[in-house]
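What follows is one structure encoded as structure tokens, with my remarks underneath.
Letters A, B, C and D mark the chains as written, and numbering starts fresh at 1 in each.
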Amino acid sequence: MAGVANIEFKGVCVEYGKYVRALTDVSFTVEKGEFVFFVGRTGSGKSTILKLLSREVQPTRGTVLLDGLDVSNMPESDVPSLRRRMGIVPQDFGLLPRKKAWENIGYAMRAVGKRRIEVRKAIEPILENVNLAHRADAFPTEMSGGEQQRLAIARALINSPQLILADEPTGNLDADHSIEIITLLQELNQQGATVLVATHDLMVLEKFSQHRVITMEKGQISHA
Amino acid sequence: MLDRLEFLVSEAFTALRRNTWMSFAAITTSCMALFLLGGMAFAYRGIAGYAETLPSKLEVRVFLVDKRTDFETKQAMEQIGKLKGVRRVALVTKAEAWAKLQREMPDITKGISNPLPDAFNVSLSDVDEANKVATSIRKMPIVEKDGVKYEGETQALLSQTLTLLRWVGSALGGLMLLTSAVLIYNAIRMTIVARRREIRIMSLVGATRSTIVIPLLIEGIIQGAIGGLIASFLIMAGHQLLIRLMANFAGFIRVGALPLILVFGSLVALGALYGLICSMFAVRDPRGIA
Amino acid sequence: MLDRLEFLVSEAFTALRRNTWMSFAAITTSCMALFLLGGMAFAYRGIAGYAETLPSKLEVRVFLVDKRTDFETKQAMEQIGKLKGVRRVALVTKAEAWAKLQREMPDITKGISNPLPDAFNVSLSDVDEANKVATSIRKMPIVEKDGVKYEGETQALLSQTLTLLRWVGSALGGLMLLTSAVLIYNAIRMTIVARRREIRIMSLVGATRSTIVIPLLIEGIIQGAIGGLIASFLIMAGHQLLIRLMANFAGFIRVGALPLILVFGSLVALGALYGLICSMFAVRDPRGIA
Amino acid sequence: MAGVANIEFKGVCVEYGKYVRALTDVSFTVEKGEFVFFVGRTGSGKSTILKLLSREVQPTRGTVLLDGLDVSNMPESDVPSLRRRMGIVPQDFGLLPRKKAWENIGYAMRAVGKRRIEVRKAIEPILENVNLAHRADAFPTEMSGGEQQRLAIARALINSPQLILADEPTGNLDADHSIEIITLLQELNQQGATVLVATHDLMVLEKFSQHRVITMEKGQISHA
């Protein structure tokens, strides 16, 4: 599978407002099936790179290609189907506050067209996968930080996505859980998914040092 | 397909249930709006019905010259009957009139012979036309000089009061329409603003615009319909109250019965439509779904 | 102290500014409520004024017996003048009446001597009292048997129409009051629910209840007052429109001038008070501030 | 200063609803001027312990004493002044979304009674202290995860609190910033403040191993 360009950034600049420049002339490629860590100090632009791929942010200049498709210029109506092909773990978890844990999973499945029966069967194993079955009926505000994070990760994996974008997925997790989660992502990677993880967790980087690391600094790639 | 529908509807119901406060606000708002609007409509209906019965009480009296043929009389009656605003024309002979006057005013009529002319009693269906009718009749040859009498002032008063009522009613009704539109739009817009974050998250998991929007529309419809239902009950109650109050007044102000099915049906349907339209507007704003 | 006040007020203003949508909703809501309420009040004021001019047009006519002294006549006039609902009493001698009748109905009066009695013309200030006045007068010894005449039906009609207007006006006014209370309460309650998280955070950094609550109250006051101001302009506009429309009607329906300062002053003050009261209620709910 | 009991938990149980038991019979004391790490897997009850001290949560059974005062039973009206004496860094940052960075700091200072002039002077150095001066005008949603976290920390320190409760204060920070922040807390500790930090960051625990560590497991203290 290696050698097929899956993601390609070409001279991407992102400016928020007039004065904040989050990315300056960023170019890189990620091949199909790669597992890449993005590291760097806070504010260096890691989240922005992931958000460009999910079309939460549009570049001021440059292009972002996914499977040869120009993500940054596709019509708004194509965005939902773009996102359905990815698993997104936002840095702030992005859980629906008025839905219980299982409903958060259920909504994501239903929204992408799964049938009710499928959903009912799938939820239990998905929650067990991240050790959350006992908290299925809790609202996000009733869960600990780590539990929310695992719920967000579980939700990202439901559609067996070919591209996983995980933003600090272990920020609120203890060492054991962190390793468990990254191992899970690694397994999905071995089954063919491309995985991009933004992290500052040195322990994780050490344990999974076989993967590619892209280092960001002040909105630029300092080491790839 | 059915499965999909079930999903969208159940999303709407979950939102209604979890979002108790917002639902309460939207429902009370549309209820108030529809109550005002519906109450106004039915009150107007009642007043208009009542008003229609009024003009019949008003008549123009036409005194006739003595020298005329029966044919002329008949022709004149026909002509008058065809005038706009005339309901009925009746001939009152001098004998009939004198007999009545003798009964009513024995002092004046005692000991004198009948000085009265024959006359037409013209009932009006539209009191606003009184002046025109009178002018037309005055020109007829068989009518005495200055022989057209009617209570112009009282009639004008009544007529203008009724017109005023109609104007005020329409103005208030229109205002209600506007107010309730603003209110329901506000209620739904607030829901959406309050949920902006949620909507962002939904779209992040790949939900299409319609998946996000349809439950909101259904929510609006349901809230509007429930508001209409409650408003119907309030109108029924108000109507009962009115009947109680009016029982104290003798005479001809009668509060008619309310058509039950019409009230409920129209208010619930109107509420649902309103909820739908307002939520469509609210949902449309591009800042809402982003 | 001043510094503290500045903080609380500027918090309120920041919230008003950042929270554009919520402010818009609260202001339009209170504006609509006050427009309806204020419009109703001023319309009622106008109608009541108009209604007061009406009854003077209505009279009771009292025929007197021939055998009576001038003193008795004077005494009776005084007595009648003191009756509730009577505006003025005038003596019409039989000669005056006959002269008038001869002018109006030369046919009937031709060649006969005056059969009319002397009479009082009693103008009413309150048409509702017509029956009572008539009954009282009927009992007087100098009054002819069945000598009290008045246009009972027309008077009763007018009287009842006016009463109906008053009832409907009061009922609608009360309803407006209720509606606007619900609406403003809703608007502020929504703001608080939408900000529940923020309020929790504020209390987490050690803000006291009053520090959290006072800006919300100020916000309510400002929103209510702005709503009142806009409502005043709307009422002015509506009034102008009414004048235009009514210009088409001849006669006695005249739209009075609006007291400018009263309109603006009362609506702005009422709006501010309303905003305050509703936000106090909204803020009070223990689930809000937690 | 050592030897003065500052914080005392006596047989504290916390139950959320009927089925969720977050803490079971927890007892421990922390002395004035101590620096304590709370560690443990996610959902083990670390945040709950900190929330008990700030009266965000009340115990189902047992007492929580702070300077001999029963925190769990004090009247609601005393809570603001209790909280003013602490610096609280919530796990979810707890920033006001409709206020800019500097306004978030300003509000907290104004709310506890500082005058406008004092506030205006104080904000700049406070933001510089956590490397955020350049983001003063950004709303929280316009800041990266790490920036938000640092803002929350800055806000907790404004009133020179005698008790600092920091819940995962380095969850979104890179190694350098993490060390900087903990060093900052350590300095305050040396000036006399009691500091409680809930964390799962092994790197931090290693670097600052001189401090006391309380380990939680399933709502109980497994090692103190």
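As a working rule, a contact is a pair of C-beta atoms (placed from the backbone, for glycine too) under 8 Å apart; a residue touches a chain by one contact, two chains touch by 3 or more.
Predicted, not measured: the structure shown is a model, and the values here were computed from it.
When you average the Cα atoms of each chain and compare centres, the chain farthest from subunit B turns out to be D. Computed centre separation for the pair subunit B/subunit D is 66 angstrom, with centres defined by C-alpha atoms. Separation between the centroids of subunit C and subunit D, computed from CA atoms only, is 61 Å.
Put simply, the C-alpha centre of subunit B and that of subunit C have 22 angstrom between them. Multi-chain contact residues of subunit A (touching two or more other chains) are absent.
Arrangement of the chains shown, judged by which pairs touch: one closed cycle in which each chain has exactly two touching partners.
Interchain contacts (touch definition given at top) occur between A-B, A-D, B-C, C-D.
Across the interface of their complex, subunit C is touched by residues 54, 56, 77, 79-81, 83-84, 88, 90, 94-99, 103, 107-108, 110-113, 115-116, 155, 159 of subunit D.
Listing the residues of subunit B that touch subunit A in their complex gives 3-4, 6-7, 11, 14-15, 18-19, 197-198, 200-209, 211.
By the touch criterion given at the top, residues 16-17, 20, 39-43, 47, 91-92, 135, 138, 142-147, 149-150, 167-168, 171-178, 200, 202-203 of subunit A touch subunit D in their complex.
Against subunit C, in their complex, subunit B makes its touches with residues 21-22, 24-25, 28-29, 32, 35-36, 39, 43, 54, 57, 107-108, 110, 112, 115-117, 153-154, 156-158, 160-161, 163-164, 167-168, 171-172, 175, 179, 182-183, 186-187, 189-190, 193-194, 238, 245, 249-253.
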